[in-house]
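Two complexes come next, and they have one chain in common, chain A, joined by chain B in the first and chain C in the second.
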Partner chain A sequence: MKKNQLKKYIMNLTPLFGLVVLFAAFLILGKIQDINISYGLKSIINQSVVVAVVATGAIFIYTLGSFDISLGASVAVSALIGGMVYNKTENILIMTAVCIGVAVLIGLFNSVLASVFNLPVFVTTIAMLSVLNALILVLIKVNGTGSEIAVPAAAVKGLNNTPFKVVVLLLFFLVSMFIFSFTKIGRMQKFQGGNPVCAKLSGIKEKKMAIIAFAMSGIGVGIGAFLSIIYAPTLTKNTASSVGMDVIIAIVFGGMPVSGGARSKIYAAVIGAFSMTLLSQIMVMFNLNSGIGQMVKAAIFILVVYLATSDQRGKMLPR
Partner chain B sequence: MKKFLALFLAAAMTVCMLGGCGGSQETKETGEETGAQTNATEADAKEGARNEQAAADLDMSKTVKIGILVSDATTAEALAFRNYYTEYIQKQYNVELIYSDELTDAAGETSAIDTFITNNCKAIISFSSFDRAAQIEQCEGASVYYAVATGTLTEEEYETYKGYEYYVGAIGPSLDVEYETGYQMAKHYLDQGMTNFAIYGGAIPYYTEMHIYRAAGMLTAMVEAGGEGANYKGAADRDAIIQQIFTDGEIVPGAIGTINVLGYVGGYDMDDAWFGKCTQMAQTPDLQAILAVGNGSDFFGTAIEGTDVKIASVDAYASSYGEAMTGGMLDYLAGKFSASIGPIFIATYRAVLGSPVRTEDGSALALSQGYWIAESADDFNTYYAVDSSVETPAYTKEMLDTLLTADYGAFKEFVEAYSFEEIQGMK
Partner chain C sequence: MKKVIVEVKHMDKTFGSTVALNDVSIEVRRGEIQGLIGENGSGKSTVTSIISGMQKADRGEMFFRGEKWEPSSMLFALEKGIGMIVQENGTVPGITVAENIFLGETDQFKTFGIVNRKEMILKGQQALDAIGASHIDAAQMTGSLDMQDRKLIEIAKTMVKKPEVLVVDETTTALSQIGRDIIYKIMNQMKEENKAVIFISHDLDEIMQVCDSLTVLRDGKIIVTFDKEEFDEDRIKTSMIGREMQGDYYRSDYDGSYGSEVVMEMQDVNLADQLKNFNLQIHKGEILGIGGLSHCGMHTLGKVLFGACRPSSGKVSIRGRELKDEADAMREQVGYAAKDRDIESLCLNASIRDNIAIGGFNRFAIHNFLVLPGREKKYVQKQIDELSVKCAEMNQDVSALSGGNKQKVVFGKWIGRGSEILILDCPTRGVDIGVKQAMYQLMYQMKKEGKSIVIISEEMAELIGMADRLIVMKDGEIKKEFQRSESLSESDIIQYMI
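For the complex of A and B:
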């Protein structure tokens, strides 16, 4: 019994081991290849932080057993509107508030729409993806130069540093972890995701849970939009276009069960986001072309996820 | 099973690590055999010998890592450029070229540059232009040389960055060349007496300058051929037409004097509705030619099969265009030749080796190159044979080596003699 528990514990930590192995590989290979490791570490944080923040918020949606396919477009719309507001007000705080506000509104709209039409939440997010993509083009055409909306680089240069980004990520992660792991809301969400029927019979309101989840996700998206502007203040129709898919990959890579429920882990997003970036960096060290690199990444991704979820298939809920 | 998988995963990562240990440290032949050609004149031989000596003074013993930023990894043009760098340049010079993934936004560019700097790239050559200014600033801050391939900065950008130590410069078609390319394309058909055209606007809806200038060139030629009082939406000269396109974000079909623009499609939506619009435009009654600011044959070729409609494109020399020309789906091609990116490589390499080429006043390069124009399948085949060769491409190592020691004047002269005949004459 103890052996089984230990094995389960180890398997549960596979994504974390994966991250440690990748980190060690990065350091060892970096030393051998004589790369600029300190710059590389900063670069890894820069490249991971947006996905890590957005994915941490999205964990609340995934815990319900649902998913949001429109997260990348939400980041882009929030960033574009935030950028436009900055260009009018020249105030970073207002820009940040607008980014978060717009993202939360989009999230709430998704969840309320699902409630009104009694549809699965992910269905409304598919529709929202189309709407947001169209909105991106309209925003750029109407308010920008036709191809971009640019916030002056000098305005955000002071915030484009690693410590600031780490602090933002850490704060959001700690707040999310507190809500997820130490409050009734987090427990109800896991219950709802693991067994919706029992959750409903226990008096948990499905729609209320969805609204809370999308609000948390919206905050993550808004902060992600703010960080996107800091990182690359020239916003185009393709801004954050890869974030939506990266978030899904990061969450799964981090060991989060796609079915949600009691096995959901708030830290999966951060582990997954950093693992992905480390893997990409290692691929570049080998100078693998993007095709081969993608295939190697896909193979490692599948293996890590298989190992991480191997104790979850065909078994009862954890006790 | 799990143990096996865990072991396999560990083995895969180990193989990756070991794989990373080899390869890159090898030094390559530096090509010291460069120089005197057997059929050169005595003077040329002496000049060659001097260049060889001067080139030998550059320390090319260490492998130089150069990052290549690409926003397009699949089109004929992108593949031709990549082929020249990886299959020719990388084998001729002691360099390791590392390519980015296909970039889609400014954040991607920043990340890719970060990754290159992490991997000790000493220079970056950029084919991606979402945020040139940010790229230049980022490289300057990290003391990494930066160059623009097949493009140019705006005048305002150039004035800002020309004095940056690590900004090598840009070599590519200037906006004037783009305008002239469109102008000559339209004139080619106007001179044949054609009057009914359709225009494919490529990235005009996204306000991409080079496409707007090419289209403006086409419209200006039509205004000139359209008789007295001809104009495009009231605009009758180059600057006014450019301004009009920037205002509209599209070309509006209509009569330009006696010349007719019967249809227009822009963008790269690539969905069924968009392809439907392309087909509809290509089959417009009385249409004589489709003038494309980019790739026309891929989008309209099938729709014009069996008709007399001609298609003219701007792109690069790729086998698919040869087939299109032979099959009647392409009639005119203004194409970049893949070796056109050779000189910017040399300028970048020189900068890394400590011998940067700058203008007389110490500014970064801003040199213009143009296209090779194929007006028939025979033209195309002649150009393509040279362009696609990885043994003797348009710019060979011997030719590029002369740039290793060239002063600004000689460098400029070399770059601006870009026509097929001029380049062949240099060999």
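For the complex of A and C:
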């Protein structure tokens, strides 16, 4: 195998290798500290799955070289409205559909707003973040007890198990991967992210691509909202509060180029989400308090971005 | 004997499995303009980029003014006296012209940590005036300027440092005659000041006229160096491609006939000062040449024909159907190769495969939607083979290709999808003679197959050599139309351009 190709493969596999190393470290430390590995793994999956699903959908936005800062708030609003609908209908399917529908509508609103005003999409998501945060408070105040909206725990208890969550994640991941890698849409998205000017002159419609990306992201957010409800049926203003930032970190952590484009990888979301949770868990095992843990995470985040972009920084102009 | 200012000894450089330079030794003398010529990928830009600190050699030594030369960066090299104007776009669009000229060096205008913008703009304007580019406003945003003016900014940026050695790497291909005259003046001035210039160009006439000596590279090796009195077009061409050129360069016939069916039409099209009441018909099986000075509106015409620019009034139609946008043009089997290849025609951080495949979903994707890797690879490989793209593999980044091979990828993208009408804006810019010949023959072949081609070009010779009908534009209007004729000469055309 040629040296450059080998380097490319190694660079591509680094995030996966990182996940394997973290997993091995978790198993070894678990053995040494004599903790219940099975319970620990379930906990890791529970913590990772929402971020993994939301991040998988968000990859479509990141591929375009854009980002959405309102994803966490969008999960919370979708979950709250879904919870309210369940309390009215007592139907899980309707609740799920509403979660997804609300999230897709928020995403579409973001992209259409950006189209109408001809703004970069991330600008509208910043405005949307404020709107959604306000909406969370209004929903809880008007429709809940004033501090929460609760879905009866018994109603979702049967779904709150690891295999179900893994299957949901797997299904969404496979559908996303199919669209991303095996359809014209996914290929056009990557090309658009790589060079919007050339993409336009190759017949790719920027607004259409943005709308599709936000719709896919919305589906991920909606499923994430549904999984959030079954994990913690009592919804408060803190529901999914860290998801927005976790998604950004997970995507980068998984090896997604920050500028999007042709090198975008759909699997970055899942690898990143699980790597991040494993890292947190390992730091807990080392009794690192959360302050130090955050600092270690930040340092690793910078290191990952540095390594991921080293190929570009060192690049010479072509012959 | 003139004194040697730069000396390169036994230089090697590889990129992965590609040998870019193989034991290259060159001497550059004071008071000379030294030409470097060779096919795309022959190593010209690699050796000059190493001299100017852009990258490092794997092996070999360099000397500048008799001392060992190991530049750590382009900025370092420029500070010490070797400046390079690259063939790629080297300006930042979102900042002013003056900020580009003094990029990374704004400290000199700082007082108590605050940049004196007024002074920077004044100095920037002086730098532009000094090279004869006074028409550019130093306070203007760079992104609003065209390719030629952006290139002139790069020249001003380099010349403000008063280099002793100037490397001009295929820069003139981006310039109109006015821009070329500016750069020739700078080069001659440097020669008179006993400094040195290394000049890379694919334009053999230009290089023979401008240079005092000429070094030919082929496949990363120095083949021969000619002194001015030894310049001979045929000998140079033969040493470049390693064999005598076979067959016709342009098409050999002077028939000039084409079909009667109008495949594309512009009616009373207006667009700012670029197109004024413009009427045009393109016929089936026609090669239509559009010539003029760089700002005559012909580049805008290409964009309007592809639906990338909406006219303010008037209509563009394809086979009677009004054109809406680029996607619409593609549905009607129109292809467009833009002048600014690296920005408008290619996604540089994507692979050759991505760049060719993006145009060909209608050919290899199932129901124009489902992309199966096997079918895609087969389609892309076919274009690579048919156009003889020199590459290690299809997943190689397109940015690693030479100018001519990049252009072949652009051709592959449009020809592969079965384009019936091709709009080619400066199709042979930065392309060596071997590839040029192949492209001209390909265009002629396409004409014979009944396809229509619009060649927009600043090179009169290629328009005369290829077009069935030639339109000369000036100030957004058609000034003259010529039919294909053996007697048509450049001077016949130029009088209507100026």
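The definition used in the following text is that the second predicted complex is superposed on the first by the 307 of 319 C-alpha atoms of A that agree within 3 Å, B and C clash if a C-alpha of one lies under 4 Å from a C-alpha of the other, contacts with A are read in each partner's own complex, and residues count from 1 in each chain.
In the analysis below, contacts are C-beta pairs under 8 Å (C-beta built on N, C-alpha and C of every residue); 3 or more make two chains touch, one makes a residue touch a chain.
Here the structure is a predicted model, which means the values were calculated and not measured.
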| item | value |
| --- | --- |
| Three-chain arrangement built on chain A, chain B and chain C clash or fit | fit |
| Partner chain in contact with A:81 - chain B first, chain C second, else both or neither | neither |
| Which of chain B and chain C A:263 touches, first, second, both or neither | second |
| Partner chain(s) touched by A:300 [first = chain B, second = chain C, both, neither] | first |
| Touched partner set for A:47, first chain B, second chain C, both or neither | first |
| A:21 touches, of chain B and chain C: first, second, both or neither? | first |
| Included angle at chain A between vectors to chain C and chain B, based on C-alpha centres and rounded to the nearest 10 degrees | 140 |
| Touching partner for A:195 - first (chain B), second (chain C), both, neither | second |
| Partner with the higher number of touched chain A residues, chain C or chain B | B |
| Touching partner for A:287 - first (chain B), second (chain C), both, neither | first |
| Shortest CA-CA distance between chain B and chain C [superposed frame, angstrom] | 17 |
| Common ground on chain A, meaning residues reached by chain C in one complex and by chain B in the other | none |
| Residues on chain A engaged by chain C in the complex (per definition of touch) | 2-5, 181-188, 190-191, 194-195, 197-205, 261-263, 312, 316-319 |
| In the complex, chain C residues that touch chain A | 15-17, 20, 41, 43, 45-46, 49, 54-55, 86, 88, 306, 308, 325-327, 329-330, 336, 338, 343-351, 354, 357-359, 361, 365, 368-372, 392-393, 395, 399-402, 413 |
| Chain A to chain B touching residues, read off their complex | 11, 21-22, 25, 28-29, 32-37, 39-40, 42-43, 46-47, 50, 141, 145-148, 150, 153, 228, 231-242, 280-282, 284-287, 289-290, 293, 296, 299-300, 303-304, 306-307, 310 |
| Interfacial residue positions of chain B with respect to chain A in the complex | 2, 5-6, 8-10, 12-13, 16-17, 19-21, 23-24, 73, 96, 98-99, 101-102, 104-111, 114-115, 117-120, 130-131, 133-134, 137, 142, 206-208, 246, 249 |
